[in-house]
Amino acid sequence: MAAIPLPGAEHENYLNKEYGIRSWLLTTDHKRIALLYLLSITFFFFIGGFFALLIRLELLTPAGDLVQADTYNKLFTMHGQVMVFFFLIPAVPAVLGNFLIPIMIGAKDLAFPRINLLSWYIFIIGGCFMLYTILTGGADTGWTFYTPLSTSFLDTHVVAAAVAIFIAGFSSILTGLNFIVTVHRMRAPGMTWSRLPLFVWANYATSIIQVLGTPVLAITLALVALERLFHFGIFDPQKGGDPLLFQHLFWFYSHPAVYIMILPGMGVVSEIVACFSRKRVFGYKFMALAVIAIAVFGFLVWAHHMFVAGISLYAALVFSLLSYLVAVPSAIKVFNWTATMYKGSISYTTPMLYAFGFIGLFTMGGLTGLFLAALGLDVHVTDTYFVIAHFHYIMVGGMVMAYIGGLHFWWPKISGRMYPESWGRLAALTIFIGFNLTFFPQFILGYLGMPRRYWQYSPEYQVLNVLSTAGSTILAVGYVLPMVYFLWSMRYGKVADENPWGAAGLEWMTASPPPTFNFDETPEVTWEAYNYGEAKEVPVER
Amino acid sequence: MFANLPLWPDRASNMAGNVDALFIFLLILCGLMCVAIFIMILVFAAKYRRRKGVEAEQIEGSTALELTWSGVPLLIFMGIFAWGAIIYFQERTPPQDSAEIYTVAKQWMWKFQHMEGQREINELHVPVGRDVKMIMTSQDVIHSFYVPAFRIKQDVLPGRYTVAWFRATKAGTYHLFCAEYCGTSHSGMIGSVVVMEPALYEQWLSGGPAAPLPQAGKQLFMSLGCSTCHRLDTQGRGPNLANLYNHPVLLEDGRTIIADDNYIGESILNPAAKLVSGFKPIMPTFQGIISEEQLNALVAYIKSLSQPTEGEAGSRNTPAASPSGQPQTMQVQ
Amino acid sequence: MSDSATVADHNPALQHHFADMEQQQQAATMGMWVFLITEIMFFGGMFLAYMVYRYMYYAAFVAGSQAMDFWYGTINTIVLICSSLTMALAVRASQVGQRKALVALLIVTMLFGCAFMGIKAIEYTGHWRDHQFPGASFHFEGPDPQHIEIFFSLYWAMTGFHALHMLIGIVVVGFITFYAWRGRYGPDYHNPVENVGLYWHFVDIVWIYLYPLLYLISHKHTG
């Protein structure tokens, strides 16, 4: 490849072009904004993780002895709100998507660089409200804000929490808007829709959900705030309002939000599996179609969170049926990843280990979703630890695995350095073991009938809870490790060349780290995505 | 060891076996699926590990394969859906001659009112082998009535009735949990369901002093002055309530609805909301004047006015559920 | 910047990351439409709540609607339709490069917007004085005051968020007017004017729905 910089010789790139705090806080470079997001969400990840650890410690014994009941309620509320709105939703799109989408499609930047920066600032303002909520004593509504509990019965900082999420929502909307326009309008010559990497497809589908769903959550939370501040009665049964309407509006966003969290992770895994199997992704068209199908069907299944909430029998039947339809494209994705490995040339690097972990845990999370979508069974297991285990398998086992795997995969591109491979493998293994030990016992707890959000519980559930708590400490160690060696590698890691994995994709055809405008010349694409079979070196056409 | 580590919940209702059967089926099916995928991944990872001089073989994909692994799961999913739906239908359809127990949930306790007049807090006594229908409402926030051993759960909402039913099959004491987060002492809003052999249950019943619930309702009906307008012999200033329950009512705005628990309850608390055709909105609201328990008594009384007089046989049985066999939950809209 | 230098007559408004003005313009327009879709979803949540409660408590909604001042609502509707016309003309003026007409039309649009807000403020004051704001002080003489309160909750929420959008619209038009006066827009570059126009029309259309839903509920049904 022509553009490899000489070892040791520092080429001008987005990191060293300018220095100083101003050059970061006023940057419009999508790569720098991605790093700003990386720092911010890592901060929130550890806050949310800290709450999770306290929750697990409290549940070590059946009696409520470590913290007070109110404190415990605040812990799981803040854990949920921080993790969902300030870590999981922005994680892959705002960090990896922001960094990679323009490069993957051969653009110089996102369509609206200033709006991109604005969305980070909005995120930070929302984050400040969240921190204010936490520091002044928190809210204890549960992350779901169910009315009338949240509107009329609690005197904690519910409005501040709602405002925090309302604001952060606009950051999410603007990111989605930016991605949609970028993918439509900024593709390099020759980069047709059928040549887009699946990571771009996944983020595109995610953006559609963000743009359509988030405003509904925003108005719902705004109405909750109005009820608290001015005693509007829209969700208040005392005034003839309907609390189920709140649930419908809330889940209209918050179910698709699950796909905001998992789809980009699927995109990451597609890239990693293809690269380390050295193969074109099996069934590319079906994979692209599947993410769009998930995004669309994802909007039609929200009431499956409400099978025991008091909706009509026939509504429940329809939503159960639709929930099974959305399971089909998810199944397609798992089969295709597996098939991609067939007759490949597979290497067990850290990102690939995370991809293995993702496929396994996502499969388990997805299959337990079949249990929950079965109406008669859902009646028993909904609102128990079965649900907790199920969605943690999707969000933590799935999404967080993919996110950390993706960080490893693109770390050489982001930082220009390699992370230490053996430490990487060790951390991946630790996380996998810790995760399963934490969450698998919760499936059993759920079927036994332990309800979620319980501060104290019946003694017969203790053994499984102890296992879960033990697992969570292992998981915590697993999450701290990468942070330590990523920081270490920024200074001491081996210098990476532009394509250390021999991967396909435009992002590997520019320097590591990339120059400010990503490419010295706008590339012209003449090949299909994942052209691993063709010449190893794909020249950039001039 | 196993006292502290149960691996399967008690099975103490007619529903439990059905739910467990579906669960076990899904466990086997999904377990096999998981194992198949894990084995494939492990085998591929081992067999096709990177070796010098061996290139990956590029495969474009296969439409036939894609359609197969979309279509076959879809068919299986539809089967699971149907199975789950059948159980759910059963769970939401109380038999017509169920015994009714009114339930009021509040932060953070459960209050039960038996038709025979017994009242209990956080403890519910039921006999083995009888269909029991819980007619539930909440005094404040949303709660959820959950008895794991019965495999039933139903949210309990303020301002309306929801219904759950079960037939206990095994004597014993079982957990009753609130499953919908309801504030500070959510985890303390627990109780127990005591399932008794019928003979013991009769004994327990006879220990109670109270008058039957409909009779308590009748007294309230008189003392609150309802009877001055709602006369049972002739049409007064308010509609005649005899034979109202489960019959269609023509409303002032032209709609026709079935007078179920929810309608009767709403009309007491909020008379103007669904005005009966031909009557003036003169009835005062009773919201804040009567408690949820009193409301239940009134509803039970009004329902008893529709009791078929010819059916003397089932003397224990309280007014029938909807004859259509429709589940009797709320009218959302 | 290397490739923008190769474009012979490159427009100073062209941002570095776009290949040409056409791409920039298409991106901006598309971005605006996507944004408007999010706005539709935002208001959609309230319209859904309105539909549900109107079905449940129709009589109360009729009574609430009759407490609205028909003339304030109607005049405001006319004011907004006129503002849409001047906005449309302003967009055209920017496309053909009539700077003075553009500035004048934008100012007239803003004035219409302010007139709308003024009338709305008078109306709000009246409702406030008459205890028609939900909460402890709410009072309404009628058969079903409780559900009329829900009508008023929705009224305040829907018109309140609409008014907020109007306010934002007026401020943004203010900025655009300033830049138009400075001569920034012409036949080659008038995206911002078009996009603000789209936003303005959207806010108007929301009102076109709010007006009949809140002010004009028929009461024949009950008669």
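Read from first to last, the chains carry the letters A, B and C; within each, the first residue is number 1.
We take it that a contact is a pair of C-beta atoms (placed from the backbone, for glycine too) under 8 Å apart; a residue touches a chain by one contact, two chains touch by 3 or more.
Every value quoted in this text rests on a predicted model; they were computed, and no experiment measured them.
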Can you figure out the chain closest to the middle, judged by Cα centres?
A
Applying the document's contact definition, name the chain pair with more C-beta pairs in contact, B-C or A-B.
A-B
When the centre of a chain is set as the mean of its C-alpha atoms, what distance in Å lies between chain A and chain B?
36
So the centre of each chain is just the mean of its C-alpha atoms; given that, what is the distance between chain B and chain C in Å?
46
Which residues belonging to chain A are in contact with no fewer than two other chains?
240, 242
If a residue has to touch 2 or more other chains to count, which residues of chain B qualify?
270, 273
Chain C residues touching 2+ other chains are 52, 56-57, 146-147
What residues of chain B sit close enough to touch chain A in their complex?
3-9, 18-19, 22-23, 26, 30, 33-34, 37-38, 40-41, 44-45, 48-51, 54-62, 65-66, 69-70, 73-74, 77-78, 80-81, 83-92, 107, 140-142, 144, 146, 148-149, 151-155, 157-160, 162, 175, 177-188, 190, 270, 273, 287, 327, 329-330, 332
Name, in rising order, each residue of chain A that touches chain B in their complex.
64, 69-70, 73, 140, 142, 144, 146, 148-149, 152-154, 237-238, 240, 242-244, 277-280, 282-286, 307-313, 316-317, 320-321, 324-325, 327-329, 331-332, 334-336, 338-339, 341-348, 356, 359-360, 363-364, 367-368, 370-371, 373-380, 382-384, 444, 447-449, 451-460, 462-464, 532-533
Of all residues in chain C, which touch chain B in the complex?
52, 55-60, 143-144, 146-147, 221-222
Provide the residue numbers of chain A that touch chain C in the complex, in ascending order.
107-113, 115, 173, 177-178, 180-182, 184-186, 211-216, 218-220, 222-223, 226, 230-234, 239-242, 245, 249, 517, 522
Counting only contacts in the complex, chain B reaches chain C at residues 252-254, 270, 272-273, 275, 281, 285, 333
